[in-house]
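Shared chain: chain A. Partners: chain B in the first complex, chain C in the second.
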Partner chain A sequence: MANETKELEKTKDTAEGVVMERTKNTVTYTPNVDILETKNGLEITADLPGAGENDVNVTLENDVLSIEAQVTSESMNGYKLSYREYGVGDYRRAFTINEAIDGSKIEAKMKDGVLHIVLPKAEAAKPKSIPIHKG
Partner chain B sequence: MLTIGRSGPRWNPWLEMERFEREASGLLSGLGRSRTAGFPPINVLTSENEVIVTSEMPGVDPADVDLSVNGDILTIKGTRKPQELAEGQKWHRRERGQGNFYRTVQLPFNVESSKVNADYAKGVLTVKLPRAEADKPRKITVKTA
Partner chain C sequence: MAMKYMAPFKWGRREAPVRQGLEGYPIDLFRGEMNRLFDDFFKGFGLRPFSEEMESFGAFSPTVDMTEDESSIRVTAELPGMDEKDIEINLTKDSLTIKGEKKTESENKDKESYYMERSFGSFTRVLPIPADINPDKVEAVFKKGVLNITLPKLVKEKKAQKKIEIKSA
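Right after this comes the complex of A and B.
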């Protein structure tokens, strides 16, 4: 029981429990992602349509990887929006990375509205085969 | 926030519960962007003499998109190529759709198919379709006899 209370308190302290309020009056969307585990690390692919390479921010802080993108919608004078299936807004999503990642070697690329992040495993975390010598 | 990788001993039921709650409320409020109409989602802007159809299709090669116009019907066909798994790779999460897509849009008027202009940037397709001359409303002056 004591353990449970401890867990609850812990939850409150982490960013997980906090609902962020925004100062800007725009909608923030959660992008769809694919996450792939490879021999060398993790690869995250996120759909951020409307965002260019200069609009995207990727940060890794205390094993939390955040993806943020600001998208400005062009105003079209003289046109009216007569049918709408998607909205234009910012993107935000964050992940807790459990794997040991070499933060200095993270690479991110942006192409055609798709963000691709490669997170290489830290050298220490890679499986190593140890040669056995004759005694 | 989500956790990548095996949960192992750090699995936390409280976080799981919160995550479920958030996902469920996201569904109900209609803010989840993936659960709207088909892929790719379409917006239509109209003016008196032009209609602009925009569509979010990130990661699609423009060469794989096929547009056709017939009267007042615009058809968008295309493919988003799936990523093949190499040996030793495995998916932790797969939310991005892939494969063939097909959408048709009925426009508010007939368009001049020879003057249709399509552009793909930052994962967004923009198709500009001018109204057909023959379809434009004509003003008729009434002469006095």
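Right after this comes the complex of A and C.
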């Protein structure tokens, strides 16, 4: 049930075990992500409502794929909040990627607040069927 | 490929879900949570008891924020991955209904899913509107997966403050 709402990123308990401090006074959310595998690669789909294609950064560094997005909130000036279910903030999430991914061919698309990343498998990692000959 | 290579850092953390941002206005969050609980509870009293609940379990339901100033009410909803054609907005005298269906990205054949957090399905949200609205001037914009509805208040809504003199007897 709670899957549809954003989850606040935990600042403690990061992978490195370091407590992060930030320079900006914004909140960071962990986006919801689907991961699918096809014969040729992996597909990652992330919900980043409020982020456009220019706000998103996808980086691959030392087998860690990170997704970061800056969301500029529409200023609330003059408005007062009367009902609130979600907060506006940045997004961040990181995944460890198997080295069998061809890092040079990763493609990312952004549409309607949804980021879609295609990570093609390296040739060596693709399944090969081995023909069996009659002995 | 072994699953562990792709395991997100936060794997297995979801058993204690945080429903919405816990920063900021605790009283608004509490009120929102209570409203949702009531909504969810009374939804079960429809013609088909439980069936709706069962169907909607784990299904997509957008989160909504409402802000207000003297002249208008602004409703924003997070609808990532939706198309504006699939969203229907209806306004009655005192409520705003957002309806739609979030479809799965097609061609799921030949794909094995590792990890699913995003949800899909049809939804209806009915939001009470706490003021009289000019229905001819309501505007809705869908951008970057966020729906933004501006509902201008009727002018008479502006209450003139009147100071009452106290006479000495």
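In the analysis below, the second predicted complex is superposed on the first by the 110 of 135 C-alpha atoms of A that agree within 3 Å, B and C clash if a C-alpha of one lies under 4 Å from a C-alpha of the other, contacts with A are read in each partner's own complex, and residues count from 1 in each chain.
Heads up, the rule we're going with is that a residue touches a chain if its C-beta (ideal position, glycine included) is under 8 Å from a C-beta of that chain, and two chains touch if they have at least 3 such contacts.
If you're wondering where the values come from, they're calculated on a predicted model, not measured in any experiment.
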item	value
First (chain B), second (chain C), both or neither touched by A:54	neither
Chain B versus chain C as contact partner of A:113, first or second or both or neither	both
Which superposed partner A:86 touches (first chain B, second chain C, both, neither)	both
Which of chain B and chain C A:100 touches, first, second, both or neither	second
Which superposed partner A:27 touches (first chain B, second chain C, both, neither)	both
Touching partner for A:35 - first (chain B), second (chain C), both, neither	both
Shared contact residues on chain A - chain B and chain C	7-8, 15, 27, 29-30, 32-39, 42, 45, 47-52, 76, 78-87, 93-98, 111-114
In the complex with chain A, residue positions of chain B that touch it	1-6, 8, 10, 12, 14-15, 18, 26, 31-34, 36-37, 41-47, 50, 52, 56-61, 83, 85-86, 88-97, 108, 120, 122-124
Of all residues in chain A, those that touch chain B in their complex	7-8, 11, 15-17, 27, 29-39, 42, 45, 47-52, 64, 76, 78-87, 93-99, 111-114
Residue ranges of chain A in contact with chain C within the complex	1-8, 10, 14-15, 27, 29-30, 32-39, 42-43, 45, 47-52, 74, 76, 78-87, 89, 93-98, 100, 111-114, 116, 121, 125
Of chain C, residues touching chain A in the complex	1-2, 5-10, 14, 17-25, 28-29, 31-32, 35-36, 57-58, 60-70, 73-74, 78-83, 105, 108, 110-119, 127, 130, 142, 144-146, 148
